[in-house]
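In what follows, subunit A forms one complex with subunit B and a second complex with subunit C.
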Partner chain A sequence: MSILFKKSKRRRSRMSIKEERTAYLYLIPAFMGLTFITYLPLLGVFGISFFEWKGISAPRFNGLDNYIKLFTRDHFFIDSIKVTVYFSLIAVLGSMIYSLFIAMLLNRKIPARGFFRAIFYVPYVLPATAVYIGWSWLYETNFGLFNYLLTKIGLNRVQFLASSKLVVPSLAVISVWLSGNLIVIFLAGLQNVPRIYHEAAEIDGANSWQRFRHITIPCMTPIIFYNLLMSLVTNMQIVVPALSITNGGPGNASMFMTYLMYRYAFLSNQIGYACAISFIFFLIIAIFTGILFATSKAWIFYEGGD
Partner chain B sequence: MKHKEKNLFKSRKRKEMAVSLISLIIIIIMAFAVLFPIWWIFRTSLMSNAEIYKYPPLFFPSKFRISNYTKTLEEFDFWKYFFNTMTIIVPSVIGGTLTATICGYAFARLRFRGKKFIFSLCVGSMLLPTMVTLIPLYIMWTKGLGLVDSYLPMILPYFTGGGAFNIFLIRQFIMTVPRELDEAATIDGAGRFRILTNIIVPAIKPAMIVVALLIFIGLWNDLLQQTVYINSEAKTTIAIGLTNFRGALKADWSLTMAATCMSFAPGVIFYLIGQKYFVEGIVMTGMKN
Partner chain C sequence: MKAMKKVLVLLLVAAMVFGTMACGKDTKEPDGDTKKTQDTDSGKKDQEDSKPGEKIKLTFSIWGGQDEQANTQETVDKFNASQDRIEVEVLAIPWENYLTKLNSMATANELPDTGMMMETAVIPYAKEGMFADVSDMFAGQKVLDCLAFTYEGEVMAYSSANEILMLFYNRDLFDAANIPYPPADAANAWTWDEFVHTAKLLTLDANGKNATEAGFDPDNIVQYGCSVENLTWQLEVWALSNGGGYFSEDGKELIIDDPATIEALQKVADLYLVDKVAPLSTGTTDDGIPRTLITGKVAMATNGQWNIGTCLKTARDEGLNYGVGVLPYMKEKVTICTGGPTVVFSQTKHPEEAKEFLRWYNSIENSWALIETGTWMPIFEEYYTNEELTRKWVENEAFPPYEEYKTAVVDYAVDYTKQAAWYYTDNIDNFYAVLGSVLGEVWTGGTTVEDAITSNISVLRDAFEGK
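On to the complex of A and B.
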């Protein structure tokens, strides 16, 4: 009996060694990616950020100089943090409210729901560059659509993209317009909210606001969390509008962090300095996602009380 | 009593109908609002410059000037740009989907030492913005490996599992496939690879299509990497070509919009063909995490 058991155990371990080999073989692509595309470059960013490196000449170690310069003398940099955070704030909040609102309307008993859902999703499949260039015409000061609509309701024309006050909100509106994917995810989540909860609450005399506040929102928290996270990471990395239409302007009003990093690294060859920006950018996103995760336990409601 | 209850039920039903009707009206207005910018861009692309500067503006072009498009094509070499863009996208989509499937399978089904650690490395990298690692990767590809003015720096990363997010997505899907199927196949003498190709892949096809679409959209939008890695006119993509075209003729809005519409077209056409997968797929990404 015990011999038999031993034998089978040995056989199993031989099998599991084989299984392990197969696993490592299959994971070669992931190993390569994690090593060479993710973690080594991340170390690289951190390492290079302590050097002065102009591209052609050899890199020269200069300690914390890049960071000191960033925070004390580079007003572009401080502006870029403000602009990026400001933009993300409007774009994320706007997208979340807009897409939850549309998803809730679509969740009603309305005809052709699939058709409407498909329409709200269209902007998401358009190439970003073309979207921003198209919208730059809608935002045009003298002949653009939006200024026509403003004059139509008796307001003055404004410079949407050419004024430093309005450029960020104007670009954030485009981000909201592009957030059709969030609508689709929200809608699927809403359809998973058990109807029985609503029916029970209705019998207890809850009005629709109360039901929204105490049933829909709690049941949706995991989805809200996911959408918030994805939307935040996407919007923080905004760079296409600066590359394709604003060039960071007017002034530094749309100088997003990634665009500034691009300018230093690829237009003025200050590679070490640009890496310092990248690393700070990494830290900022890490802090934001960290806050989201840390607070998530307090406000995410998992069904089954988990 | 019974009569009263019936009335109550009726009035509730009526109220529900009213709410649905209002929702429908708002939805229709919002749908128009969402599509209107696209219509405005399209109608501009068909108008003469004299027409687009008219006040009040015309909502419909007086006649469809297809000539705008032929004129645009003289400068904006759409077909070349499209072909170039596809040269990046097609291999990336294939490589990314296949490697994500293989890696996702290993994480979902195989037992091996260090699995937890490697998987957490994978999940951790999901939140790492790609922008952060751009500079070291650029140095590695161009200075280290000499890949200057090449598409490979954009394509090859997709052959490493297509990004942690995609591996994760595939893993989640494979976990929903009943293990009994694998076991039955093992008894029939099928090896791991056979199980993967004959059982797992057919079962998770929708997830693979989602991964393919996500890679497609990601590359489609990635103006930054294209700007960084491509220097020659011969290799210009749609996104770069369009940016340059706009820069070259700043004020000619109708031609710029014609070029914009051409750039919209492939996305819209792919969307119309694969609408079901696009929408259902995005739903999956949200539900499975």
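On to the complex of A and C.
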């Protein structure tokens, strides 16, 4: 084994110089893009977060003041972290379960399968603001469709968006409805689950739940991980519903972090302060992503080996 | 063959690298802006070594998309054609980036010569000395006093339009209940209690019972008597009406914890919570009239005059029979006015020419398209005091009947109007953001106005003081 390995290594090294050079050349554009559009601005944000800068007058260095104010005196900040995490938990879990379920339905041999696949994907490509404004009319307390139906069947009105307790779950439902892209990825994953496993299990007498639990789920774990990660990052960065329908309200109940950052940076022009929020926000997403990666080894099953 | 491949790879890489760089540039600065900025720069240079006889170049910044840009460009073209000394160039900036862009231009000492300005940003900019004195801009033509933005006693800008808060109502719903219409003149304005009582008569449940009758079912309301707009800036009018306010008259003190202010705001919240005459509104979206009056399920709604042009004209064409009246009052008959200003930036080298352009730009002829549709009200006093001019403005199919509008809007705007707080107060943007959040639980009854304000007074004060 080791001889073979050594041999192949030596053989490769001649070609590899050329290949490596080509590979690095190809990497340059992506690397430059990341450097100039992502990493340098990130450093910039971190730098500016130590300044008081209203944009119009010269920046004034104020050390950790922005951060201290965020955690001690800011009326919105702590709430915004709680709200964003709360929203992400519901939206991520909801959309994972919903998309996996829909993907499994769409994976069966049903009539007009292509049509239904399109139907569930459509929400994802609709303009987000229009979607949220449309939903806000469905949710509307006084004359909205949902409340009209509720009163028709003799129930009390529900303040979907007006109540500080319900606004986050209500918005999360929209986010779940919008998760058509996850369905597509799940669907692709489901089609890659080897049919022979199912057939073998069937012969051994496994029922459909057992097959789902012990074959489908393990084979899907890499896809689940990918979707979980994407869904987490997108939902943590949620901003459109606050921008288009709730303005962060009622109270601070939908004051998502990205929206708060936008308000400080672009409405009240506290650029340095907004940068401090961005940086903390970046750390929070990083922590959640880190947790996800750290636990992934324990539950992801790679078919091909280690 | 191999060499060929190498060349191709290199070309591809080169293309990708340049592609990325171009993309990078695009994301940083929309190409339109880049071009415009460069033009501005060259414009400035031209000015520096301009010889007598050459045109003076001015830039005029506006927000808005392509349509607005085209409209403004048309107006500006007329100005450029009307004389041969000044040439104005339009600099269009998307609304979301407007202040950010101006801020960075201010830092680089490259502000446009003149431009539109957000109401809430006037005093913060004035504080940094960014505006030229425009107090004599309309010499000879009297602009309504309430439309001047002032800082330390000096006029920093004038609104380009006037707007006041008022009452709109659905005539058909009043007729059906056989109730007289709300008063159209301030002399006969309803007290708050009369207003609430009328609203109760107009609030109907599914069985047709109104809110004053026994057996009225508040859980099954099909028609509401009124809706009082609760956007934070509009709520100020009720604080003033009750003898309180948000700020002292010089804009230097915060008086929002005044019992009169608290009582006034609670009365507005109680329309939904206690009186059961108003639909729930959380004061987060600026679509009050479409959300209430235009649904045909709300009899009266307060909001700004601009709704006549922006949505009520279309609604009337589609069958909404609406009328206008004055606001009810608590202790003092009052409304508030507002209107976005146009300014001359102090970095300009040609303040006189900039003022000349703005005087021309704000002339009644150039605002007429928006005035005759009911979206803007004129800024010049003569349109309020000279009946002939008032008729020229109001006798027009977009408007409610002249007799009604004349007293409910025109006279009301002259005799009972106070300025919205951003005409004289700093940090108003922050303050309203915090106030909106503090009052968030009030509208659904989660807390009272008194608790919300007193327990958050230090936060409100910090926001007001810009800490």
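Note that in this section the second predicted complex is superposed on the first by the 270 of 306 C-alpha atoms of A that agree within 3 Å, B and C clash if a C-alpha of one lies under 4 Å from a C-alpha of the other, contacts with A are read in each partner's own complex, and residues count from 1 in each chain.
In the analysis below, a residue touches a chain if its C-beta (ideal position, glycine included) is under 8 Å from a C-beta of that chain, and two chains touch if they have at least 3 such contacts.
All values reported here derive from a predicted model rather than from experimental measurement.
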Subunit C versus subunit B on the shared subunit A, clash or fit after superposition: clash
Which superposed partner A:Ala162 touches (first subunit B, second subunit C, both, neither): second
Partner touching more residues of subunit A, whether subunit B or subunit C: B
Contacts of A:Ser268 with subunit B and subunit C, given as first, second, both or neither: second
First, second, both or neither for A:Lys54, with subunit B first and subunit C second: second
Which superposed partner A:Glu199 touches (first subunit B, second subunit C, both, neither): neither
First, second, both or neither for A:Pro29, with subunit B first and subunit C second: both
First (subunit B), second (subunit C), both or neither touched by A:Phe279: first
Clashing subunit B stretch [against subunit C; choices 58-66, 148-156 or 256-264]: 148-156
Subunit A residues contacted in one complex by subunit B, in the other by subunit C: 22, 26, 29-30, 32-33, 36-37, 140, 143, 245, 265-266
Subunit C residues touching subunit A - in the complex, by the definition given at the top: 9-10, 13, 16-17, 19-21, 23-24, 27, 96-97, 99-100, 102-104, 106-107, 121, 124-125, 128, 130, 219-220, 224, 279-285, 291, 295, 297, 429-430, 433-434, 436-438, 440-441, 443-444, 446, 456, 459, 462-463, 467
Residues of subunit A defined as touching subunit B within the complex: 16, 19-20, 22-24, 26-27, 29-34, 36-42, 44-45, 48, 102, 105-106, 108-111, 116-130, 133-138, 140, 143, 145, 148, 152, 177, 181, 184-185, 187-189, 192, 208, 223, 226-227, 229, 233, 236-237, 239-240, 243-245, 258, 261-262, 265-266, 271, 274-275, 278-279, 281-282, 285-286, 289
Residue numbers on subunit B that touch subunit A, as the complex places them: 16, 19-20, 23-24, 26-27, 30-31, 34-35, 37-38, 40-41, 44, 52-53, 55-57, 99, 102-103, 105-107, 110-113, 115, 118, 121-122, 125, 127-140, 157, 159-161, 163-164, 167, 192, 217, 220-221, 223-224, 227-228, 238-239, 242-243, 246, 253, 256-257, 260, 263-264, 267-268, 270-271, 275, 278-279, 282-283, 285-287, 289
Subunit C partner contacts - residues on subunit A that touch it in the complex: 22, 25-26, 28-30, 32-33, 36-37, 54-58, 73, 75-76, 140-143, 151, 156-157, 159, 161-164, 245-253, 255, 263, 265-269
